[in-house]
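In the part that follows, the structures are each spelled out as structure tokens.
Both complexes below contain subunit A, partnered by subunit B and then by subunit C.
Let's turn to the complex of A and B:
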């Protein structure tokens, strides 16, 4: 089971109300390479992955939910004081019409999250290579977001998340090596 | 809804817990792929012990950090007491 802890993994601060940054950030909430996709991908793949890497998929999948909460906190703080006028001016008029200032699982272009973003192939190498690619794509997205943001407080949180993608990618690469080593072991009877 | 005012000590302790938990999550993922590293396991267990000392100090100001029996409740039931993490 999972147990919620009433704390963020890393402190989230924003300098000012800025709904346009929130519009871009939502990519990491409900986008193809976002945190929801990551968490659901890993926690679903773990049932058919070899035992040696179940722990890793469980732990990284769980950490992704902590990242999802950080992104949600950023979006919430950037938009909570925004007026309908400000939402509209930031390109969030269509969002406001459907959701008011509530969060929703869609990407920066407003496309709702879909399970077709993720795969479970039942082939350990195929799954882990997808996971490595997912981490690298998420890292790149964080970089593009940092490049567009002029909020130093927000960027501190985004840089933390960017570095976590690097660590996850590294661990998945090690998992591939562990499985290759297992596969290469010849059994004699 | 009125939010509980938290003293300065809470913010310092919470930052300390976030730092400790960062060490723990890093060691966890590292040990998932390096299960035979004795020194890392020793460091992990030391940090886990330290975490257990730290949590009750935070809960004294903030109330329960976890549910399902992992934290004790005050009276009245204080799990739903604000602020929640995104409100801090």
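Let's turn to the complex of A and C:
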């Protein structure tokens, strides 16, 4: 079970009215390397991974949901007061036709989230390498988003999220090192 | 670097004892295992590693014993996976 704390992991402030940014940010909401995919990937893999790294996957998977909330807040703030005309001008006309101003788990191109974005091979090395790759891809996505945004307050939040990808990648790399150690070696008598 | 470079000793399969609940519905597998093949340990392959004879290399799928990773069904290898 989880205990919910009714605040964001890091404050989200959006100071420029620029609904088009929401169209790009949604990539990290419902895209292949987004926060939803990350959370579900880790919280599913953890069941069959060796006991020593279960806790890591649980903790990081949980944090990804905290990041998902931050992205949702950014998207919501950017679109909640947008008229249909403004949505259309921001490239979100198709989104408006389908969803009004509601958020939806799709990528920047409007493709709905799909379970094939996440993997669980069952082989601990393969799964952790998948996780490392996912973190690096998310880090790159945040970089491209920062490159396209000129809102310093929004970018502050995005830079925090990018840094967390760096830390998570490091922790997954450490998990690989733990699984490579010999201490679990089977004793033959 | 000359032939016979020391490559750190490692096993290609690791074993662990997963948590077993007293309420598990099926008989537990008390020891589980996973593969840790040689490419995890080699780093950038040093030059001059010992090589197989050509015919053996074709059978093995690699020219270098240091990269050879034999695999057999672990469930048929002495009962425990």
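Please note the rule applied: the second predicted complex is superposed on the first by the 182 of 189 C-alpha atoms of A that agree within 3 Å, B and C clash if a C-alpha of one lies under 4 Å from a C-alpha of the other, contacts with A are read in each partner's own complex, and residues count from 1 in each chain.
The working rule: a residue touches a chain if its C-beta (ideal position, glycine included) is under 8 Å from a C-beta of that chain, and two chains touch if they have at least 3 such contacts.
On a predicted model such as this, the values are computed, not experimentally measured, just so you know.
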Q) Of the two partner chains, subunit B (first) and subunit C (second), which one does A:132 touch, if any: first, second, both, or neither? A) neither
**Q.** Partner touching more residues of subunit A, whether subunit B or subunit C
**A.** B
Q. Between subunit B (first) and subunit C (second), which, if any, makes contact with A:10: first, second, both or neither?
A. first
Q: Answer with first, second, both or neither: which of subunit B and subunit C does A:43 touch in the superposed model?
A: neither
Q: Tell me which partner A:32 touches in the superposition: subunit B (first), subunit C (second), both or neither.
A: neither
Q. Just subunit B (first), just subunit C (second), both, or neither: which does A:171 touch?
A. first
Q) Now for A:124: first (subunit B), second (subunit C), both, or neither, which partner does it touch? A) second
Q) So which bits of subunit A does subunit B touch that subunit C touches too? A) none
Q. Along subunit B, where are the residues that touch subunit A in the complex?
A. 14-15, 17-18, 21-22, 25-26, 28-30, 32-34, 62-68, 70, 84-86, 88
**Q.** Residues of subunit C that touch subunit A when the two form their complex
**A.** 10-11, 14-19, 31-37, 40-41
Q: State the interface residues of subunit A toward subunit C in the complex, per the touch definition above.
A: 50-52, 123-125, 176, 179-180, 182, 184-186
Q. For subunit A, which residues count as touching subunit B in their complex?
A. 1, 3-12, 53, 55-56, 59-60, 63, 69, 72-73, 76-77, 167-168, 171, 174-175, 178
